[in-house]
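For clarity, chains are labelled A, B, C and D in written order, and residue numbers in each chain start from 1.
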Amino acid sequence: MHAAPNPADARSTTRLRVRFVDTDLMGITHHGAYFTYLEAARVDWLRRRGATYADWANQGLHLAVIEVHAAYNHPARFDELLDIETTLTELRSASLRFDYRILRAGKVIHVAWVKLACIDDEGRVRRMSDAVRAVMLAKEHVQPSEPI
Amino acid sequence: MHAAPNPADARSTTRLRVRFVDTDLMGITHHGAYFTYLEAARVDWLRRRGATYADWANQGLHLAVIEVHAAYNHPARFDELLDIETTLTELRSASLRFDYRILRAGKVIHVAWVKLACIDDEGRVRRMSDAVRAVMLAKEHVQPSEPI
Amino acid sequence: MHAAPNPADARSTTRLRVRFVDTDLMGITHHGAYFTYLEAARVDWLRRRGATYADWANQGLHLAVIEVHAAYNHPARFDELLDIETTLTELRSASLRFDYRILRAGKVIHVAWVKLACIDDEGRVRRMSDAVRAVMLAKEHVQPSEPI
Amino acid sequence: MHAAPNPADARSTTRLRVRFVDTDLMGITHHGAYFTYLEAARVDWLRRRGATYADWANQGLHLAVIEVHAAYNHPARFDELLDIETTLTELRSASLRFDYRILRAGKVIHVAWVKLACIDDEGRVRRMSDAVRAVMLAKEHVQPSEPI
């Protein structure tokens, strides 16, 4: 089963700040650090739809990264505020894809996509339950009041 | 010159969330991740006193970690909100010390201290300027409106 | 100028071990950790051709990541030995591309490619010098005797 | 029960290289990265005594960090080779302590100690088995032939 998420519903934006530890000796954000931003934004995306990924993980549902692509257009630097725009673009029975744009002061500096598979505690692929699918197709309805 | 910061002025609290990448296969927050929380809290502590550590770094002033101690009383877990209580407890001419308590839901789970030296771009120790000292002795007067 | 590296010359293999810190609460290697393996393998690839990337960095030549793609076929786990097979597949005047396969016990578990741009200390793109190009087109001729 | 390990038997040295990702915008190794070196050296220390920490972890025996102290005397830099000298200095019924010196070209640049508790999969402290104690009190007798 392959659902096409409604683009207007499927998007959320998460603001993050670049930490000192994320920088490298070039003075810029290390390319690997962006994947931690995308991951934090995914967790926030779910929270804005009423789901807590930590609860899912405790119940044995994991979203494991299976494929990524990222283009680094402009470097981010220490202490900058980044807006991570996260959009669910594909929802299959046991996998999904998020597309990302990272903006700094309104300018796109990074574009990426990440595919994830639903797996259980033993790493076996499993279909999403209806409850999980409902979260994925929901629109943002929770405004985070705490740090993401 | 050795100033004793006023304890009431010298304390700020920063709320952070444990990220997925911070966990390890024991299912808890990796011990090394706490140092990134303490670091982010230091940057926030300065911002609450009107200083931007990134500006200092760009001007060639760095605060390099020279000694740390940490006791892990209870493990933190993915997605938990942590309050990092940061207190400047020593201010010397070219070095300083912060004491930390990390609380989860009001309970102390981690205690640490970090000593830092003021260095320039070449790594030479240098005295703090009066402007920098003034920031260190200021009380918190900026409420952060953005992610830390 | 666009050189097609000789495939036989352009490949090196680097063996690494998964560290505890690289794991996450799923019990597997975090997807972001692979980029640090690919990076370490690039540094090793250069060393095997007589170049020390650290020297280049000190001289103001950096290879900045501008695009990546990675497919995670099978998870790696703590303490496993991984063979990172690194092949230079594109060499342009100011950029290059490495293709990677990560093998565990002879089985491919991860496939990736990384594009890098040559930049200077200010982040400006610059052409590779002839000396740098010569390294890129050299075959492996140094056997590492130290950890990579 | 509190055993005093024989100092001559209790020491091993592990050589590591500083990776690019370990650096920060000061151009030096980030203070947090050292804890990953100490951890990798502990795993190597055990392997040199015939034990595989990964096997222990799979069997539900974990060594969780409960306290650390570290003094940073001289910064390490990208690509440098570091010798991590690891000594078991305390062995109690359910905890142990390692003392560390990190040397670069024979010069001590970092001194640290780390206390660990033996815990099970649920995080409960548990006594070391005789088999585990025997490993801890053994002298180094395996020469690693693979990357650590």
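As a working rule, contacts are C-beta pairs under 8 Å (C-beta built on N, C-alpha and C of every residue); 3 or more make two chains touch, one makes a residue touch a chain.
Note that the structure is a prediction, hence the values are computed from the model and not measured.
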Which chain maximises the distance between its CA centroid and that of subunit B?
-> C
Where subunit A and subunit B are represented by their mean Cα positions, the distance between them in whole Å | 28
How many angstrom between the C-alpha centroids of subunit D and subunit B?
-> 26
For subunit A and subunit D, let me know how many angstrom lie between their CA-based centres, rounded off.
-> 34
Give me the residues of subunit B that touch two or more other chains.
-> 20-21, 25, 28, 32, 35-36, 39, 57, 78
So that we know how the chains sit together, what is the shape of their touch graph: line, ring, star, complete or other?
-> complete
Footprint of subunit B on subunit D - complex, ascending = 25-26, 28, 31-32, 35-36, 39, 57, 62, 64-72, 75, 119, 123
Inside the complex, what are the residues of subunit D that reach subunit C?
-> 15-17, 19-21, 35-36, 39-40, 43, 52-54, 57, 77-81, 146-148
Using the touch definition up top, name the residues of subunit B that touch subunit C in the complex.
-> 20-21, 23-25, 27-28, 30, 32, 78
